[in-house]
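Down below are the structures I want you to see.
Two complexes, one shared chain (chain A), two partners (chain B, chain C).
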Partner chain A sequence: MSAARRFHPAEHVHFRAFDDAIILLDLSEGEYFSLDAVGAFAWERLTRGETLGEIAAAEAAEFSVDEATALRDLEAFTSELEARRLVTRVEDAP
Partner chain B sequence: MIRAVLRANVLHLFARAAVRWSRPHRAKALVEAVGMRLPRLEDASAAGRVAASLRGGTCLTRAFTVAALMDGANVVVGVSPLERSIVSPRDPSIFAHAWVEHGGGPIDARDVAGAEIARFVFARTSSRLS
Partner chain C sequence: MSAARAESDAVLRECGAIEWLGERREDGQLVLRVGRTARGRIAELSGVATLVVSGRGRERASLSMHRPLDAVAEERLHRGIVEGLLRHLEGKLTVHGAAAAIGDRAVLVLGESGAGKSTTVAELCERRGAEMLADDVAALDFHDGRPVITPTEAVHWLLEDARCHLGGLADDGGKLPQRARRAAGASVPLVAICSLVFDPAASASRIVPLAPAAAIERVLKGVVRFALDDRDAHVRELDALMNLCSHVPAFDLVRPRAAREIERSGDLVERILRATEVEGAR
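Right, the complex of A and B next:
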């Protein structure tokens, strides 16, 4: 269930929050990334250990989007973050 | 001082190669390993004169070079967003800069730009050699 997935920032990733954006610095590659307001909203919650489902519910309450759409967008977002090795998936204990 | 400037410029050539061909932490370690074998810059004033002599490269290569010649210096990376954007590598909407800090502050206050996102801590030669 993707809604139960959790991620945390990769060890080599540093980040800094601004008013409506977050900048990520991948020190393993020397690359910078920026997240817009919605991405920053999700990133802050990922770093707190919230699940994708919890974040989708928060996005639905904060932005004009339904929860299912928010979850799909989050899956795509975290897939991209994972592909770029900016986050690692937290494996829940069996 | 002329010798210090010459040494720093040679080290800067090495730093440019290191940053170009290796990842940031590795490049820092390489420049630090070479720099710690060279005579130390005693204070921010000397570091400022050496820094001003460095040409080319990037702010990161210049900062690595100066920090590698000072005991206990840090290289701070600062960033600030220039505009909104989606996730993208080497994002042109991000401003980034690197500067040297020593003794709790920048060696040149005019060189500080952006909010700190990362810090490279350079060793003291005395602690490395003990």
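Right, the complex of A and C next:
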């Protein structure tokens, strides 16, 4: 279930809050990525170890979006972060 | 084979195995690639020159030419991209961009290749009393934490339409040099960043203020880097960029691709330059 997934920043990723955005710096490639306010909201919670379900609920309370839509957007968001090797999926203990 | 090319080939043979780490292309053409060797770092400016640096400092740098250049072109090479590459090894920030100042207020003009950076700065310098700071490679330094532009170049390199507009030569399709009427002799506080964007659908030029994170994205596209595998350098660069974009307001200058817009663009940039406070407009 995607709602139970957790991610943490990859070891080679340095990040800083800036204005209402977050700037990600991939130290292995020297590449930068900028997350907008919604992306920054999700990133900040990912780094705290929250599940996608918990983040979707927080987004629904914070922004004009329902929880199911927020979860779908988060799945796409984290898939892109994974594809760019900016996050690592946390495997649950068996 | 020319003597210059033979010398360059000899330098490459001395370097041994080269690991290329990154490259820069303009209009699909490779213009610069940087890498490392067992002895240090190497940058190849396609068809122009090879820069080899052993150690971290510029005192251990050597530049070998692929072909002879005239004095003005060689000045551009040394004061522009070569200076930018060496500054990166010294932990300094340099970007592909043009810059000019009116009094103690400087503007940094960014944009893709062909966006009109040189033309905009030439318009400011030749017709609006500005002093030139950079044509292609702008040096960003920090004095007491405040961003300044340190002068690098004193020659405009202009395409035919810009030369015609400014009353210069019109008989060649390529970029030709034109020494600036006035060049700044010292660093000038940076008060605005202006990113040039062509929009074929636009009927007239307009200014769009940028959020700080968007400003960082614009500047990042043009950062000159040599030590691509130096993680500390990347973190220092991010710190410098955040400092820069926290202090200096940034704008997109969106405009149609028409010669008449050179004057209008110059007018808008001049107004930004004269109206923006050093402490920031936000």
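FYI, the second predicted complex is superposed on the first by the 94 of 94 C-alpha atoms of A that agree within 3 Å, B and C clash if a C-alpha of one lies under 4 Å from a C-alpha of the other, contacts with A are read in each partner's own complex, and residues count from 1 in each chain.
To be clear about the criterion, a residue touches a chain if its C-beta (ideal position, glycine included) is under 8 Å from a C-beta of that chain, and two chains touch if they have at least 3 such contacts.
In this text, all values refer to a predicted model and were calculated from it rather than measured experimentally.
**Student:** Could you tell me whether chain B and chain C fit or clash when both sit on chain A in the superposition?
**Tutor:** Clash.
**Student:** Could you tell me if A:G39 is touching chain B, chain C, both of them or neither one (first, second, both, neither)?
**Tutor:** In the superposition, A:G39 contacts chain B only.
**Student:** Would you check which partner chain A:G30 touches, where first means chain B only, second means chain C only, and both and neither mean what they say?
**Tutor:** Once the two structures are laid over each other on A, A:G30 reaches both partners.
**Student:** Under the stated touch criterion, which partner chain does A:A4 make contact with: chain B (first), chain C (second), both, or neither?
**Tutor:** neither
**Student:** If you stack the two complexes on chain A, which partner ends up touching A:V90: first (chain B), second (chain C), both, or neither?
**Tutor:** In the superposition, A:V90 contacts neither chain B nor chain C.
**Student:** Where does A:A76 make contact in the superposed view: on chain B (first), on chain C (second), on both, or on neither?
**Tutor:** neither
**Student:** What is the contact status of A:A21 with respect to chain B (first) and chain C (second): first, second, both, or neither?
**Tutor:** Both chain B and chain C are touched by A:A21.
**Student:** Between 114-122, 240-248 or 258-266, which chain C stretch has C-alpha clashes with chain B?
**Tutor:** 240-248
**Student:** Once the two structures are fitted together, what part of chain A is touched by chain B and by chain C alike?
**Tutor:** In the superposed arrangement, which is not itself an observed complex, chain A uses residues 14, 16, 18, 20-21, 23, 25, 27, 30, 32, 34, 36 for both chain B and chain C.
**Student:** Report the residues of chain B in contact with chain A in the complex, numbered from low to high.
**Tutor:** Per the touch definition, chain B meets chain A at residues 23-25, 77, 79-81, 84-91, 93-94, 96, 115-118.
**Student:** For the complex, which residues does chain A have touching chain B?
**Tutor:** For this pair, the touching residues of chain A are 14-16, 18, 20-21, 23, 25, 27-37, 39, 77, 80-81, 84.
**Student:** Give every residue of chain A touching chain C within the complex, in rising order.
**Tutor:** Per the touch definition, chain A meets chain C at residues 14, 16, 18-21, 23, 25, 27, 30, 32, 34, 36.
**Student:** In the complex of these two chains, what residues of chain C are touching chain A?
**Tutor:** 22, 211-214, 216-217, 220, 225, 228-229, 231, 234-235, 238, 242, 245-246
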